[in-house]
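Chain naming follows the written order as A, B and C, and within any one chain the residues start at number 1.
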């Protein structure tokens, strides 16, 4: 293990963590407010990648501008779909008092609908972006390639803006109030219906961004979101459901565990496919020992 | 061999905290066999919490609980049930999609068909058992005026009927000690009285009762002994008439600081 | 053309039998007991691989079947240890994940041929395809019959009443002396064993299985059968299995015989999704309502 490029692994861990951060902060928002794990979150991510892919092929702009437009479109398209799915499916189901299992099944059904619509539009499996990224270069111990750095920057921006949104704005305060006590929030004049629509829009939009960055990094397929959904669930549970800071911390813990874990597993001749197994083990251990996750560490939520 | 404990239940210095809030702060009480004990006190004084702790629905942080002389602190609710304590919930927790009759039969003890192997291989035996249980269930339902709802789903019952079924179900389980959490809350005074009279009818089997109740007229009429709880502690005990006459009781219950009784954890 | 269509039809009937077994197994877990097993495909897969590996080693059919049920049950027990203490949503995530991890292990550790899968000699060696299919129909429905009767006996007993009680309110069931962990674990083991039988029959009939045959969509398909047919009703879930299978096979046949601008398989998945959402909205109890536990007859009539 002497020649293991630990610096690079650290960079990759931060990058994986950043993607998980975007996706898990998003998932934990709806999970915390609507009280069920949204399995269609996977497809919100996939849709982000395909939207970006579609836009990138359409536009012939300078690279930074293309990337920016891609991010914006991924956010808006996935976000709108999230908003619509709450408006049309989950909102009415929640109002009918559907059971937790029904909501989970419903979200899975929605996921399959989105996935196969994507497959119908973009048949042929794996796709990849053909953006003219600058060559990878070495800076100190790190090898830097723009698509690796993008999610880190985006996570930073998104994390800070979410923090500002949740603490400084009215809608943010309304979201937090609704999360901690919906009845009280409604009684104190908060339009909880609008709050939920906003969170679903934000959540799906961030998921779309996360998906876009995964897609830009390498190739992607219609099952892309599904393949990382389990890790995202692990992050959400480890962070404590509904906990913003918890999700941030957990994203980097799981990102690090997966990247380091894969290196260690390789020493035993095990394939990198076991990456998800690492987060799975963490997930089980957390659920058994500390089902509330890291929430206690972050009382300020 | 220890001699038979004259007290069916002994609670010693039980403490229960929720986070930083102290719900039960060292409560002790004794329940002699075949008596009805009332537990009274302002909202949020820890009564329900104490009851849940006795039944094993939550663990006490400190203190000990003995049932018929044996410690039951570490037991799960189903094990506490097996010892002979039954807990009727404050807000009925019925099996809503199941019939009223099924709700009753669930509570019956010792059904061979409750076990996996028994359900398949002792069919004759459990069918016989169920006949006896059915008889008891219908008798109980009759006394509670629920006969005509026997085959209705429990979820379709009215609030008062649900309350009656919750209590019938508890009685079906033939408790040695029945824990009742506000059996008369949320029902009109006439029905409340009726509920207490029904419970009294079943007491001839020799069961003991621990009842949380707010209405003093009911407590006065039915309880043998009263414990008054305030801020997690037992502050007063005595015969109903003595307690009702006590100035301390007045202060806690009716007087106190204005609004002070409502702002509490429950 | 007609012969091909007839063969497709027979194939569909076999698959209805096999999927009905899987649906009955999920019905025990979800329909009666309220357990959200989102990893049904894993137990199906354990049964299938056990059967395939043993059958290839020349083990006799009966032993293969028993071994499949037992190994699936053992896997069920293993998963139940951490999983059943959890809330419904966590249970769903954990079971789903364990299925995915199991598939990863089979792929990467070369179990049963790894990615390439494993071929199985069928037990029926008749001259015509029709005879083989008919024999398979007999076999699948014989096992379906056994599983159905077993499930009915368990569900319509005091034990079944407790299963329903756990589904309705765990705390209340526990407060009435039921050791809910034990019940949930037993039901999970039963459900897994039945799923294992279904998987074994699937392997026997398919003659070739690979990890790609056991994707999470299969779990979703089985859920759809149960949700559509009627959770808590064993006949209902068989009906559900039939409806879903007819739907799936029609799409496959359509793809073979008719040229459409869209891929009917994709459209079928999309329609499945829409259908299940419609069921959740308008028919959450499924096509057939749950049948109550039959109470024993009263000796004297109840006076109303």
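As a working rule, a contact is a pair of C-beta atoms (placed from the backbone, for glycine too) under 8 Å apart; a residue touches a chain by one contact, two chains touch by 3 or more.
Because the structure is predicted, anything quoted here is derived from the model rather than measured.
Trainee: Indicate, using Cα centroids, the chain positioned nearest the centre of all protein chains shown.
Mentor: Of all chains shown, the one whose C-alpha centre lies nearest the global C-alpha mean is C.
Trainee: Centre to centre, using CA atoms, which chain is the farthest one from chain A?
Mentor: For chain A, the chain whose C-alpha mean is farthest off is B.
Trainee: Per the centroid of Cα atoms for each chain, what is the distance between chain B and chain C, given in Å?
Mentor: That pair's centroid distance is 42 Å.
Trainee: Counting in whole Å, what is the centre-to-centre distance of chain A and chain C, each centre being its mean C-alpha position?
Mentor: Result: the chain centres lie 32 Å from each other.
Trainee: For chain A and chain B, what's the span in angstrom between their mean Cα positions?
Mentor: Measuring from centre to centre gives 47 Å for this pair.
Trainee: So in the complex, the part of chain C that touches chain A is made up of which residues?
Mentor: Touching chain A from chain C are residues 30, 34, 36, 38, 82, 85-90, 92-94, 96-98, 100-101, 104, 107-108, 216-217, 220, 223, 227, 262-263, 266-267, 269-270, 272-274, 276-277, 280-281, 284.
Trainee: Note which residues of chain C are touching chain B in the complex, please.
Mentor: The contact residues of chain C facing chain B are 153-154, 157-162, 164-165, 168-169, 171-180, 186, 290, 292-293, 295-296, 298-299, 302-304.
Trainee: Which of the residues in chain A end up touching chain C in this complex?
Mentor: Residues 36-37, 89, 92-93, 96, 98, 100-102, 104-106, 108-113, 115-117, 119-120, 123, 226, 230, 233, 237, 270-271, 273-274, 276-277, 280, 283-284, 287-288, 291 of chain A touch chain C in their complex.
Trainee: Provide the residue numbers of chain B that touch chain C in the complex, in ascending order.
Mentor: Against chain C, chain B makes touches at 55, 57, 76-78, 81-82, 86-87, 89, 93-99, 101-102, 105-107, 109, 111-116, 118-120, 123, 126-127, 130-131, 134-135, 138, 147-148, 150-151, 169, 173.
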